[in-house]
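Read the structure below first, then the notes.
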Amino acid sequence: MDSMNGIILSLILIAPLVGAAVILLLPEKGKLPAIVALITSLFTFLCTLHLPAHFNSGAAGFQFVQEFTWIASPDIHYHVGVDGLSLWLVVLTGLLAPIGVLASWNSIKERTKVYYALFLVQQTAMLGVFVSLDLMLYYGFWELSLVPMAILIAMYGRNLTENSSPKAALRFFIYTFVPSAPLLVAILWLYAKTGSFDFATLQVAIGTHAFSTAALCWLAFAFLVAFAVKVPVLGLHGWLPDVFSEAPVAMAMVVAGKLGLYSLIRFHVGLFPVQARQAAPWMIALAAIGILYGACLALVQKDFWRVLAYGTIASLSFCTLGIYGFTLAGFDGAVLQTINEGVIGAALFVLLGALYERFGTSTIANYGGLAKKTPALANLFVITGLALVGLPLFNGFVGEFLVLSSTFTGVSKGWAAAATIGVILSAAYLLSLVQKIFYGPESQAVIAYPGKDLGFREQLVLWYLALIMLGIGICPNILLNGIESGVQQSAGYPTLSEQMKSNASSFVVIAQEVRKGGK
Amino acid sequence: MNFWFFLLLSILKVALVLVVFLTSVAYTVLLERKLVGRIQNRWGPSRVGPFGLLQPLVDGAKLFLKEDMIPAGVYKPLYLLAPLIALGCSLLSIAVVPFGEPITWRGVKLFEIADLNIGLLIILGVTSISVYGIALAGWSSNNKYSLLGALRSSAQMVSYELALGLSLVGVVLRTGSLSLTDIVKVQSVHGIASWNIFGGGQILAFFIYLTAAYAETNRAPFDLPEAETELTGGYHTEYSSMKFAMFFMAEYGNMITVGCVATLLFLGGWTSPFGDLIPPPQNFFIHALMPILWFVAKVFSFLFLYIWVRGTVPRFRYDQLMGYGWKYLVPAAMLNIVGTSLIMAVFP
Amino acid sequence: MNFDVVPSSWYLILSALLFSLGVIGFLIKRSLITVFMSIELMLNAVNLSFVTFAHDWHAVKGQIFVFFVMMVAAAEAAVGLAIIISIFRARATLNVDQIDLMKL
Amino acid sequence: MNTALQSVPDIYRILPEVILTLTGVWIMLMDAAMKPSKSRRSLGWVGAFGVTAALYASLGQLSMPAGTAFFGTVQTDAFSVFFHVLICGIVLIALLLSLDTLPADQHHRGEYFALMVFGAVGMCLLTSAVELLVVFIALEISSISTYILAGYRKNTGKGPEAAIKYFLLGSFATGFLLYGVAMIFGATGTTQINDIAALIPVAKSPSLVLIAFALLMVGILFKVSAAPFHVWTPDVYQGAPSPVVALMSTAPKAAAFALLIRIVYGGFPMLKPMWLPLLWAVAVLSMTVGNLAALRQENVKRMLAYSSIAHAGYLLAAFAGAGTSGIAAAAFYTAAYSAMNVGIFAVITVASGYDEKLPLIGDFRGLIHRAPLLGGLILFFLISLIGIPFTGGFFGKFLSFTTASQGGAVWLPLIGLLNSGLAAAYYLKLVVSVAQTPAANSPVAPKPQIGVAAGAALAFATIATLVLGIAPSQVLGAAKASAQTFATSISAIK
Amino acid sequence: MHLVLFLIFAAFCLAGAINLLLQSHPINSALSLIVVMSSLAVLYLLLGAEFLAAAQIIVYAGAVMVLFTFVVMLLNVGEEEKTHGSRVAKVIGFPAVAVILGVVATIVLETQKHLAGVSLSDGVTTTQDLSRVLFHELLLPFELTSVLILIAILGAVALARKEGHS
């Protein structure tokens, strides 16, 4: 199996593309495209599982590396590899793909060929972002990830009668494409100065003070903005609510969060530790306010997609908070929380998608007292909600706790308090959502509903996700070991170098303690 | 060379040529009427003066004295300008024609108003300008017959100018010069045998030139611009009296010019057809004037041919005219150029 | 002053003047056909410059350039006027300001 | 003439042009010989065959040493071959496209094909001409044939309008170009581009050289439709038949860019301090003006016209690069731009027909549902035009901006990329329109049929765009080799 | 003598060019242009380019401008309508023209010290000299012109022909 190590990442990248090509070539007959997509995504998922199985968490640097010259001049390499930081994100992406296919199984009825083909291309693009170690290659995948997303939103949006889904697609694209212009300029500038796009080379070059402080400031800022939009950080989140209410479920569940957060850690914090540190107070403030803002707005929304959108802003702000606290535990928590968010968000989307599919409306007021008719749906919703709220034993708890405690001890008690209030508020909005939809008096729509509960396919997916939530919650060390090695080695090396590296061990100890407490 | 002397002599030459030229124009008209009359088995003008010899003078007087009418709808500036252009161009090209041996007297060439290296090109240039006279006349008259006639005429002239120009290239190739004097000189040695039309092998070119020249001057069989049955008077329908006379004079002036050019280019110019067979006369005046006689004789025979054709060949239809010009004459002229250059390349 | 010698620059300035007049004509004339004539004027002005410079350098090439410009101008005139005829057929006007089917 | 190239007969140096000319003449003769009622399709194939032959002939020129022919009037080198191949490729695509999309009742297709092929003669020659006289005539050959082709849709009124605008402004610019040539001739006594560079130091008057250069630039920048000389572009693209736009938005521009490179690098290398900022300014102006104007457009071809102005700006940014890298980047961008632009116009032609049944962006609504292949291709080319990675458009832009930032103008890529963001907005209008579900009342053109020839044209354009994005090494290598030509010639002068 | 001729014909040129702009009827503009062209022919003669002078008359005055008048007549184009036109073009155009003229004039005057004067006696280019260069060194452009003219003929026919006729 070790012989696979050299090519496994390329295999992961190519498999969805091949699947997409096969779908395009096959006739559009019944469920055929969906089946091919499912097979492809499952295969890809299996491949991604190869990574943790053979990952050597003790070893330094990147693993499963594959590198060859793509274009000689300018010096662009095909250079892929994973470390602890990206390892689980790759697996998560692989995991969500079949779920996305299953979630689209019934909701996408027309033009399935195009849909699944684009879906798989999107898959490749996201995986590519996580594994690229050449900045140009990274940028390529980063941009590529926008296109299928935008087209899918435009083509398969929910409110096809109006122009809203094309508008959402446009908004999404412009929001994310425009800030990537400065990003590319920054990359090009770095290349002009160093003659390399290689992540490690650049990291060293920046670490050895090859550039002026002002230049680095601008570069870091360019990187930061591009990623912050994609997260999205408060203030740059304008695209998110629209996309959440318009995008097909399978797309909406992957659009926000992990790409941006990963990029922040790897390329902003990782490449520009000093500048990131300078930006940290602002980012922390934004994140803390973002948690409060998201949770507050989520409370007052009338549309459940928007509740979810603002809730997502809140939980992603949590991750940001963890990153810019610059503590090891915070990093661990942020990465873990990113993964959690992916899993929980996926589950929520599937659940709300199921509701939407059945009732054709996303206005909360149209629901009420559904729990009696669809107990399975209600149960799963509650479980997922509790995971999101951060009930102990669920995955959300570990991440939130790591972030909050590290913020409290390492950064600022005030912001930590604010974030904690945010947590409470998010519990409030979720519970009120559950209350309004599943309990209380039955609404007209619910009375008229014949009472079909979740199907086998949906239950399978949701229980599976719930299991994962529980699994991570109970033994987060499986993930955290890898994540921590990654954080220390790649993002950690320059980041923690100045004051923290000296007492890094103590932080590790604290983190261990925290984790023990978590259990 | 004294500048003032040069000026004086030039003015003299111009005046003399002008008088002779205009007189010959007048008598060409008479010649035509007489000849056509004979061809059609009638007398032609015979009442005024002996054999009607004074007829042109009377005609001229009549046209001068007629009431000068300008129709109401015309565009006046151009309406007045057009006959001037026509006549002016007709008179202009005679300036570069050498009538006799290049005898210089105190630095001034006697039998030529202006000696230019590119005399041939000047003639072509002036010919090409003369289209304007007709075109503007037709357009400014504000009359559909005039306009149609003018359009026909200018199209015809522009088209045939091409064939005409190309037909001359063979001659120029043989001579290696654009100077009319030089062109005549190379034809002088063996008399008729060295004329371009025979010895030079330019008979095809001559035929093309002849045809194109008929079309250029709007003469039968290509006189479509003024085909009475369709267009009444063509471009000069609205013209009368003196202005009409100008067009009339221009047409016959052009005939003479064309004849002069044909003589110079193909028929050996002022040289005698016997070449060196007859020794050159010793007397200076005879030596100087004999060539002029030859020249006049040759031009006269060319004019005779002109009128003969008019009397015998029927008019072409317009599409036939265009087709003939583009499909036969132009290719033939090109063929002539290729042939001449080939021969010159093989037998340098 | 020597009446037999004219400075080359006079020719060149004449050429520049004609060129400018051509450009102005291009800007102010409102009939397609006169606009086209203004362009011809510009080309003629350029030709004068060429001939002057050719005289100055005693280089035949300048004159040949003019010869080619003439040929090209003739070809352009043929095509341009054909276009003008076809536009007149389609729109029955030659006014530049009415040739506006494609304005926003 | 140096001794090395005496072994190569002159005729081989213009072999592609000779082949193209003969093809054009042959098409005309066949056209005349055929019965009027007979289909002219075969003539299009003859043209395509001739263009392909010319393409191979120019590739064959690579094997001969770089050098001039015909008394130093044309020069074949890696540079000219690069652009020859590019232009022949474009013309081939345009011909194939026309074969299937020209209406069947179009009687004069023979002339149409002949004009395209003859136009290619001029464009090809423009890239190898080193004598301004040849440049001038080649430019006119390419321009006049495109003027005519632009006015080919006579029945709409828009066709002649497009033609007259193109023609008048084109001739106007030619006037400036010629005036520039006259000035440079006056200053140096020569019109041979390589000699100019050598003679500028001893020119009669340095200011004469400057004004000559400025006038030349006006003429050439007009031909590449860079702002502020771009006003003709939208109207012409809108009025001309779509397959012709596919040709004229790319091939003559590529040729004009080749000329620009030859003139600024070959003829005026020592004026670099002057033309560099000038070209930068033009670049920035072009992209900004082009993109801002494109935002407001509703007509697809008009929008793409403005976008092509913007692309001229991106391309000019490459000139900022030092020496060879700048030339290579510009050459590469030209290729990438041509591939995707000819591609998108090809798709639009196939989708909306020669007569443009779908003029507005809104008319394309739901195309992907009706014709998935065409819709997908439109999306693909638009993605390339936006500059998304793994397409030619991205890599070209990337190279151009890399070169600019290496040349020291970091702000240029920044402006350029912000402009790309702006551009994305209007490209996306079309993307979204194509991807949307068709409205109930949207005009439904007959389902487009893709014939063999048009299919081949689309395939060529798609493959070219993809290859330029994913595996550009080969083309980039060729671009670099062509840039090397200049490096040697510039150093030879110094 | 030379100076006088130059002044006369330069004046003709300018007067013709200005008249071209002032006249509102295309035919008058065309005639003004013919005056310009013919005067230019004389100037060419003064500059020793006699072949060009003749060619100027034959090609420009005799062929190109005939085409113009021909089209004016054929379409029966009337007086120019007085529409205001593009203001932008004028606002930018006129200053630009003034600048171009000013710059060129300054440069030319400045260059004058490097240029020789023009007099009647020096440097008449014979047609032979011209042809020698034309058919030898510039053979390629000469041959190319045939392609150009072929295109022009083709295009003129294609454009001017009415649709529906074959």
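Things to note:
Each chain carries a letter (A, B, C, D and E) given by its place in the written order, and its residues are counted from 1.
As a convention for this text, a contact is a pair of C-beta atoms (placed from the backbone, for glycine too) under 8 Å apart; a residue touches a chain by one contact, two chains touch by 3 or more.
Just so it is clear, the model here is predicted, and its values are computed rather than measured.
Following the contact convention of this document, E is the list of chains adjacent to both chain B and chain D. Measuring from the average of all protein CA coordinates, the nearest chain centre is that of D. Among the other chains, A has the CA centre that is most remote from the centre of chain C.
The most distant chain from chain E, with centres taken as the mean of CA atoms, is A. The two chains most heavily joined by C-beta contacts are C-E.
Measuring from the averaged C-alpha position of chain B to that of chain E gives a distance of 29 Å. Rounded to whole angstrom, the centroid-to-centroid distance between chain A and chain B, based on C-alpha atoms, equals 94 Å. With centres taken as mean Cα positions, chain E sits 70 Å from chain A. If you average the Cα atoms of chain A and of chain C, the two centres end up 66 Å apart.
Shown for chain D are the residues in touch with two or more other chains, namely 133, 137, 140, 144, 147-148, 151, 154-155, 160, 163, 186.
Looking at chain E, residues 1, 51, 55, 63, 67, 70, 72, 74, 104, 108, 111, 115, 137-138, 141, 145, 148, 151-152, 155, 157-159 sit in touch with two or more other chains. All chain pairs in contact, by the document's touch criterion: A-D, B-E, C-D, C-E, D-E.
By the touch criterion given at the top, residues 14, 21, 24-25, 28, 36, 70-71, 73-74, 107-108, 111-112, 114-115, 118-119, 121-122, 125, 131, 133-134, 137-138, 140-141, 144-145, 147-148, 151-152, 154-155, 160, 163, 186-187, 204-205, 207-208, 210-211 of chain D touch chain E in their complex. Listed in rising order, the residues of chain D touching chain A in the complex are 368-369, 372, 376, 379, 383, 386, 388-390, 394, 398-399, 401-402, 405-406, 410, 413-414, 417-418, 420-422, 424-425, 428-429, 431-433, 435-437, 472-473, 476, 480. Listing the residues of chain C that touch chain D in their complex gives 12, 19, 22, 26, 32, 35-36, 39, 42-43, 45-46, 49-50, 52-54, 56-57, 59, 61-62, 64-65, 68-69, 72, 75-76, 79-80, 83-84, 86-87, 89-91, 99, 101-102, 104. Listed in rising order, the residues of chain C touching chain E in the complex are 1-14, 16-25, 27-31, 33-34, 36-38, 40-41, 44, 47-48, 51-52, 54-56, 58, 60-61, 63-64, 66-68, 70-79, 81-86, 88-89, 94-98. Against chain B, the residues of chain E that register as touching in their complex are 1, 27-28, 31, 34, 38, 41, 50-51, 53-55, 57-58, 61-63, 66-67, 69-70, 72-74, 124, 126-128.
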